[in-house]
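Below you will find the structure I want to go over with you.
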């Protein structure tokens, strides 16, 4: 059904970081999917490339090498939305299809599979507004400073709190998206804070925050969870023990498979919108058990996409 | 005044404790007197890891210019994963798991030293390259999966005796032992001598290479231990849990008064510096400083403290 | 020798203290044009400190400095000293080891710059080297760090004597310039100093070799405990007079320094060290029997230090063996190049002394600090190290006293074999005699010494002497065969 | 002649070039397209900012200090380049001058108070990062068109990165290694006291070296943002370690004022290539990071052979 045969085409994944479970799951999803696609003769090959250090400069270098190797399409999880633009443009000029996902690039010639990070922040506050009555104190755990994802989620949270005047953010720390750091920072600021009613996070920091509250001997606030297995497990334990209620929002590492199929479809001649927004992966009180079951121990909740799903998604996006 | 300076010059570590105390007072003031004690116990329980890693790094730094171990973060990730996997969540395996972490430390240290000695690669680059390899081993071994620590160990890590974390007490004990090793054993003396003048040390009969080997291994073993403990404390090992220790391990050593030029070391200073760095972040967080401001202030405070503490007494 | 006519420099009432140590007390000193002033004194007498004041590198606590009669006290600093033509060759190395010989010349002479400065600098310094030390073997683009200590000393000396067109040169201070030179180069230097002075310039010469002082200076000043205690024309001074003025206890032994022959030792005692230079072609080797004092002679840089290192390295091995070397007992080494081979600059005197003995000072894993102090204190007294406290930093010691601490390190250890790498550099006359005695009595107790020296009179202390040339042993002389002519003859003509 | 070519001293001087060849030739072999003008341009243009940063680090190492803040500083400059310099050029230029002045001040402070440079620069790295985050809370900005223009300049015949590398290597080589003033600067690293006793001001040398480091850090930041066209506050953090490694790989040493500008430039290029070399070969993803380490080790292992030979040679003259 593809307009063009892509069986002799090559797609590369350019990745800038492999140092956490989300990226590991993302790479694994890519590889499994690529292996299948290659053995089914959909593409010739689809290797992934990871740089040793999480830096835009190094990824730019890597991209330039991929250009030199003549890949037909390059899928990017970018270290910076803008710092790769120069190189991405060079790729486009060479006729290479560039698809960015997760952390997208702003260069107009590239396709963007976005996640609504700002919405993710707003969503958390909306959920809390439903749950909490009266005025409430919020603690915000932010990510790595100077990055766009951090700024966007933060902006969403700030906008959300603006809209709900009875909420106040009483403290804010940077957890660097690393659980041990989040735990350390939260433990440090807690003694200086009044009662905290809820913790808004960027995903992955929930368990660390919970630990910090526990060792400080504080009452557990509503902590918005991320997608890690240990966060969900902890939540489940609390739920079973004392009906603890919260929610989890996250991005699926399987978005790499989505990006793969988008790239393949473009190569196959399908018209694809330059920009698409993937839905957030949410876990709530009801589907917690099911989600937990599907998640490999120690990994993160995931959803991978099949070719057909992606085609449907594209159709829908086009018709909107 | 000069005399006071000289006295303080003999105990350069007081500056880091002084700095820590000032940060604490300001933080308590900003928080309207709330949580003074809790802040200290949090500082103690989190400083532990910086202290242990810092002591190891200090042994390496003492060897003289150019000696720095950059493989600490990867090493922590690997040994943390190894320990958690070996323990497999069972209390009975805690000791075995810790031993595995130490063993992986020994292996990493030996590898680092091998690169430095056999391939003559300058330590900074050798340990940097090693860290990439170790990280790959950690990835392929742990697959980025997070394994929970045994209940018992996790609980032990947060046991407190009247607000003082038990692990902090143990760490102070370890620091005291290492201070004695450095100051009162032939090994420590040899290490410091090498830092001042390797050739003279060799000619004074010191086994230069054995000493260096032990320093790198000790550093790696301490990093390995920290990896296991931190994984236990934070509910599991993760690939990136060591990242912040790259620069911090150097920072606690030099802020603690150890001479980067080698030949002068200071164990108590590391404890003070770890507390100082932690309480400084607490203070800035309590003040509600934004990320940029916080970073800026951190830098200015570090430079300010080191300027006040004065420089090296000799060159 | 002529009478001083007019004074180039005049120091009046100079005081300088380092903490509790009064290094200089009310020192007066003048140097006239066309005069070579010899300056002697025991280790730590204050000679180097006084010269630092004169060169502008140390500010005195009190006192006045006048140049050609004009008072310069207020503005005296390195740059004004240079402007007035006062230059100093310091006791410690003042070359940059990472730079070439020519570049080091540039560092000392601000005037060498602009296009072609390298060529000019190189020519300037090499010409001067040729003039002072014919056959020096140094090239302008040699990196200083690669030179032997003797060559470095030559470069430093030549550099101080070079003069660009716009520079003034009135007075040169030589602080123990010959301590790292072999006898031949030392003689070359001293001869050059005479021509320099005879041309109307001035010079201050510091040395512990009284023969050099008496033979080459016009006037001699003697320092003792920070004061000038004697100052008169060299012609009126005798060796004994100098020794007496310096206040040396050992003066009585002077002249009795010749050692009793002890050739019997060779036959009766087991071999302690056997070492063959790797490039040796015949089967000649350096052999030391237990209790012997073996001398290594020859010109500087002909393989003596390498042989000591070779022995030392073998001694570190568990089995005491390497390809060309056999060492039966443990070794300690007394470094001669104390800056690069000896001292630990950040440590106290105490720790510098005890480092070689930590093993024997141990109880369990810990060093017994009381024992350690005992060791250091006892050797401070035995070596006469001049310091208020062994807890002071090693750099607070004068050069000669640092050297004594290195002796203390080796002698205080349990090593059975002591290797000495021209170890008397900068040690004063009286102490030397004491150390000779000490070495002899230790040898009597069964210690073995291998002693590289550039001074003929020290060889007199040895039971057996090996002469080196081109990294090979070219002659072995027993005590009874030893004469200066034989040593010099072998040093120069041993083989191509 | 052959003997001279094989002498340890020559080999050591040639080592950076050998290392570079060891990385470059396999790349050429695997992917012949890289040998073209276009290929070399792509392969090497990101080495320009790294080479500048490496030279900046080299100035600091020359006087026996270590700069742990150069990466953050380059990031800050890039942020200024992508914001102020574009929106308010005058202010931007002033800010950049201020950055260099801050480096000078840092050198003065370190010298006057005799502070350990490593702590001061580490502390300052937080300052640079802080200002950069305040300036550019999230990635973005746009480098001025003229800057982008310079960095995408296509000179006839030889790709721009090669021209730039040659020029900067030679300029610094002549400035630091051959000039009369450079001699004093290096001498300070070799024996500061000797230089001082010869009447030179150590304060001035330190200030000069730090100013030069600030200046080259500035060039690194601007050239980087010229290539990437926009910046973020963390964009060059890894330059800190990379620059140290580059200097060392280029034959520099941590103490003693022994440095080689040309070596440093070659070292920087080699490291850049060593990192990207691996995207030309197929390696399982979990071992990709590790193989970069293995690459570095291989490149540096050549030293072992040469220094070992030299070790036996210097034994004689010791």
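First chain written, first letter: the chains are A, B, C and D, and each begins at residue 1.
As a working rule, contacts are C-beta pairs under 8 Å (C-beta built on N, C-alpha and C of every residue); 3 or more make two chains touch, one makes a residue touch a chain.
In this text the structure is predicted, and so the values were computed from the model without any measurement.
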*If you take the mean of the Cα atoms for each chain, which one ends up farthest from subunit A?*
C
_Out of every possible chain pairing, which has the most C-beta contacts?_
B-D
*In whole angstrom, how far does the Cα centroid of subunit A sit from the Cα centroid of subunit D?*
34
*Calculate how many whole Å lie between the centre of subunit A and the centre of subunit B, each centre taken as the average of the chain's C-alpha atoms.*
32
*Which whole number of Å gives the spacing of the CA centres of subunit B and subunit D?*
28
*Interchain centroid distance [CA atoms averaged], subunit B/subunit C, Å*: 44
_Touching two or more other chains - residue numbers and ranges from subunit A_ = 18, 52, 145-146
*asked:* For subunit D, give me the residues that contact two or more of the other chains.
replied: 129, 132-133, 137, 193, 286, 288-289, 292-293
*Work through the pairs of chains, note which ones touch, and then classify the graph as line, ring, star, complete or other.*
other
*What chain-chain pairs meet the touch criterion?*
A-B, A-D, B-C, B-D, C-D
*Interface residues, subunit B side, partner subunit A - complex*: 27, 30-31, 34-39, 42-43, 45-46, 77, 132, 135, 139, 143-148, 158, 230, 233-236, 238-241, 243-244, 278, 281-282, 285-286, 288, 291-292, 294-295
*Partner subunit C, residues of subunit B touching it in the complex*: 180, 184-186, 189-190, 192-193, 196-197, 199-201, 203-207, 259, 263-264, 314
*Quick one: in the complex, what on subunit C touches subunit D?*
55, 57, 78-79, 82, 88, 90, 93-99, 103-104, 106-108, 110, 112-114, 117-118, 145-146, 148, 305-306, 309, 471
*Within the complex, which stretch of subunit D touches subunit A?*
31, 33-34, 39, 42-43, 45-46, 49-50, 129, 132-133, 136-141, 148, 224, 227-239, 272, 275-276, 278-280, 282, 285-286, 288-289, 292-293
*asked:* Could you list, by residue number, the parts of subunit B that touch subunit D in their complex?
replied: 65-66, 70, 115, 118-122, 124-126, 128-137, 139-140, 143, 247, 250-251, 254-255, 259-261, 290-303, 306-307, 310-312, 315
